[in-house]
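Both of the next two complexes hold subunit A, though its partner changes from subunit B to subunit C.
So, the complex of A and B:
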């Protein structure tokens, strides 16, 4: 178990270093257009218009997404979601292990919103917002 | 009531009123300010206490929910495990979303040996066998709550564990839920709790699981559980401020035990923070109060000052009104130019003085005075010079009169002099003469000397009138008469006085010119030694030979000279002439004889007396020892101190002093002894009746004896008969003077007498010393 986790971490780090890829926010093809503010509000727990999906907490895409979208790091996000959870105002986003899983979930749920690498985009999902 | 009124009045004075108002306002303001601050303080304290209770309630609900969820999770896993006894419970539960969020919670299962067989997240090590709780769970079954070591919480996790049982209830391992300790205080709202409030959880064992103040979180502090929790009765009361033992901050803090768990929650609000707002406000209020104080003080100061100034200016105003009123009154009664009383005032005064004179049976004189040819001077020199002249005249007139007399200006160049309480009209004459003399002196106007004269008209009460109108009318008439008589004179309304004064006036004006016209002569009368009969000395006597009046007796003109002051220059002439004569005679070879010269009171009191005497002696080269000044006894004793001073002065020049008319004054021996005298001359009145009844001879005797006791040369005056001479000789008189021996002779005749004496041997040794009186 430990070795699996360790190698996963190494891989993530390597992956992060090898390609700091462009991330896009994806929604269900049937979903309405979204502004950046709306996406940020959803991912900060301020809005429940859509159901946010996270990738693994602490993973490179996770960190990058939050950095680009909200300007916050992992620790800050943890604090934000802890607070929301603790005060009973909401639940932290569901964590999915990779972009494929995210795509699958978003494609199946018109209320979902997620983020994947730009390269992973396909016809099953709609790009709501590219992040730079 | 009166006292109260006064008190109130005193308070109304600006210097008391305004400070008083200021004090009252200041007091009110400060009392209100302090009151408000206190109120706000109490309010804030109350609010803080209430808030901390409120927050406690909210926190309790939140913590309880989390604990319940943890409990439920533990129970769920336990149930599943005990039911199914298979692996993979966790992943299955997780997939079904039955486990709490990954973000904060992690669930693990350890087997009976302590090996962690499943976990939602990797934790610590693989074995928990050595853990405290593992051992405990082996023995018990309650939920256990883990601890963290003392220090910053960081990522520290609290471990909640329950025992897993095998089918037969034996120990089969432990299920654990690990939660970030920080999660329990993630709801810390800095807006309500501030930076130094506290939110925390502690176990019933007193160990703090996590506490948060601001951003910092700590765990592991050991507290006295019993003292942290409130007493049951105080549960609903407002918590007091206390000092938190873990960081020393003063807080309103409350704690409450959680039902069903060995935990309690803790909420606290920092005193300083909660009161910070109040303190700020207090500062603002105090600043405003201070500013207000300054404002009030300034305002009151300004108002007070203004009020005071107003009072001052009112005072000044009323003073100047008073001053003005006085001035107006003054002007109503006084002449603007000279300051003398004006017509109106004079009129009043005259009426007053008339009634006084009536009451005390006295006379009074009203003298109208008009400056002759004033108009001409005014026209020639201008009004400024004219005014100057009037002012000077006014001053001089005032100098001629007594303090009780009044000089007034009636207008233009008309003046009036009021002489109240006189005994005799003659007093008015004297004053009128003085006035004419004084007006006659030169005036210096615009740099030049001018002379004016005056015409004076005098009316007397009661002769010339008994009321104001009559007297003034008659004085006016008299004045016009004076003008008609040729100006520069005075006239009485009544005839009688006019005649006397006319004579006197004539005499006086002649006397003025007598000196310059050389009408005076000195005659010399011999003084003879009583034993030898020889001429021992002489007395110089003044004679006046007027071309028209003839020889004027000294008794007639000396008083006039004395009154007018002409005696001074005349007297100087006498002294000078006598000294010159004496010197001349000595030059001719005649024996040096003493010369006695009379001196009057006026001469004696002249300020230049000693000066003149000294310069005469010097100029003439006269031996002072030969000069003898004769002064009457009554003159000497008039003012003893002054007399003494002058006599000493005369004596210091070397001149001799004789007392004339001795026995007629009322001097005492003691007084006379003080004076530096050389000779005493017995008045002729004592000599005249010598040979008659014995009282007179005794009297003369006494006088001689007195003279002798003063060690003075005694001279008898007015010796006219042989018998008198005989008597005097037997009474040890030293010298004799009188017609019996020699009449006063003119200089050349006297010289002859002296020569005859020197030449004739028959004179020597004759004890009788009787000479032909014809000589």
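So, the complex of A and C:
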């Protein structure tokens, strides 16, 4: 009895400490290789080399992606894109609701870049950069 | 009551944007509506003048009222149109305290842009002047780390937008990106009961970007007339920078300007801030100085002022922030100090004002 309770507690602690899954940046299989700096520049609106795709603003994967790739949070990203939008220099990235939609869009468009969970990667897209 | 088409169009756009509900998906392809605004209150303990958010504002805090919402409060709406491939249009209307002392909506910009490539575009119509590093976002509180861009840095240039043509060209050399802009046009601004007009306006602007560092350089020239003055020349050169890796930032801007008749001016600011969770406290020091040489106008040390400021930005909810900013302003002149209007006879150079500003900035 006691050992079962103990194992349950250990399991619960371990489960609570498991961070969300690894995220990877994906591009179309026909796309050229990309460096981390290029990806950061695209997602911060400094470069239009590729068309960035976001997942829902404020969602867990959105927050983690921006934290790991750019060191910035959702409010900072909103301020950056507000400046770009209200100065006529561009529009914020299109938002798609989940990784399946992102994969589909990136697979269909050689100029797109997106981010999904590592476990969602399949042969329709190419991993440009893993984020840790 | 006569309503000009501008006011009607402006009010309609603002109303449309604020009442926006889910747009039809086909309409979404062609039209995007968005908006921004600031609700602000300013308190100044200095009774010999009004502290303003922009020198064209006729009232402020201090002399007229102890607390005033007019310096920083504004509301803006923008419509982005995708006409055909490569051709887009934008109209932005802002309502804020202007020379008339009311919040009459004004068209801040309205232009058509054609992108030849992703690096080269031409715009025709009304565009913002890229005079300062943050000229482009001076009305967008949510995009600024502080309550407002320092009044000192904006003092030298009366114009904020230009009606004409501009060309945008992006060049990439290795890891450095340069955004070049050249603008030709004319401008006019109502203030103090007279109209300031600029013609033959030319602006060259270069923003260099290298990773988290950006440098902005600009040169502006125009012929201006104001009130009964004969046409005179204005020239300005500015240089600014920002380093922002995300967890902290340092930024500054500076300019030197010359007005035939009014003389020479220089101004600069420097600011540093750090991010702690949702809070970004900052320090900012700004200064404007007109050197002592006596110009034909007889007004010396126009605008002289310096400000030490400290504040904090709190991103407490999605799309909205709160800022509290304290400033100690040292007034250097009786002739139109950069942040003050309604100068009273008791003002003495060297007087200090303590100013508190509280704002809510939002985007939608």
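Here is the rule we go by: the second predicted complex is superposed on the first by the 113 of 132 C-alpha atoms of A that agree within 3 Å, B and C clash if a C-alpha of one lies under 4 Å from a C-alpha of the other, contacts with A are read in each partner's own complex, and residues count from 1 in each chain.
Methods note: a contact is a pair of C-beta atoms (placed from the backbone, for glycine too) under 8 Å apart; a residue touches a chain by one contact, two chains touch by 3 or more.
Computed from a prediction, not measured in an experiment: that's the story for all the values here.
Under the clash rule set out above, the superposition-derived model of subunit A with subunit B and subunit C contains a clash between the two partners. In the superposed model, A:87 lies in contact with both subunit B and subunit C. In the superposition on chain A, contact of A:78 is made with both subunit B and subunit C. In the superposed model, A:108 makes contact with neither subunit B nor subunit C. Once the two complexes are laid over each other on the shared chain, residue contacts for A:127 go to neither subunit B nor subunit C.
Comparing subunit B with subunit C, more residues of subunit A are touched by C. By the document's definition of touching, of the two partners only subunit C reaches A:46; subunit B does not.
Of the two partner chains placed around the shared chain by superposition, subunit B is the only one that A:95 touches, whereas subunit C remains out of contact.
Among the candidate segments 185-193, 347-355 or 725-733, the part of subunit B whose C-alpha atoms clash with subunit C in the superposed model is 185-193. Residues 78-79, 82-83, 85-88, 91 of subunit A are contacted both by subunit B in one complex and by subunit C in the other.
Residues of subunit A touching subunit C in their complex: 37, 41, 46-48, 58, 70-76, 78-80, 82-83, 85-89, 91.
If you check the complex, the residues on subunit C that touch subunit A are 32, 34, 36, 76, 78, 80, 90, 92, 109, 111, 113, 118, 123, 127-128, 136-137, 140, 142-143, 175, 177, 209, 211, 245-247, 275, 278, 315, 318-319, 321, 363.
Only residues 1-2, 5, 57, 78-79, 81-83, 85-88, 91-92, 95 of subunit A touch subunit B when the two sit together in their complex. Of all the residues in subunit B, the ones that touch subunit A in their complex are 62, 65-66, 101-104, 119, 122, 126, 180, 182-184, 186-187.
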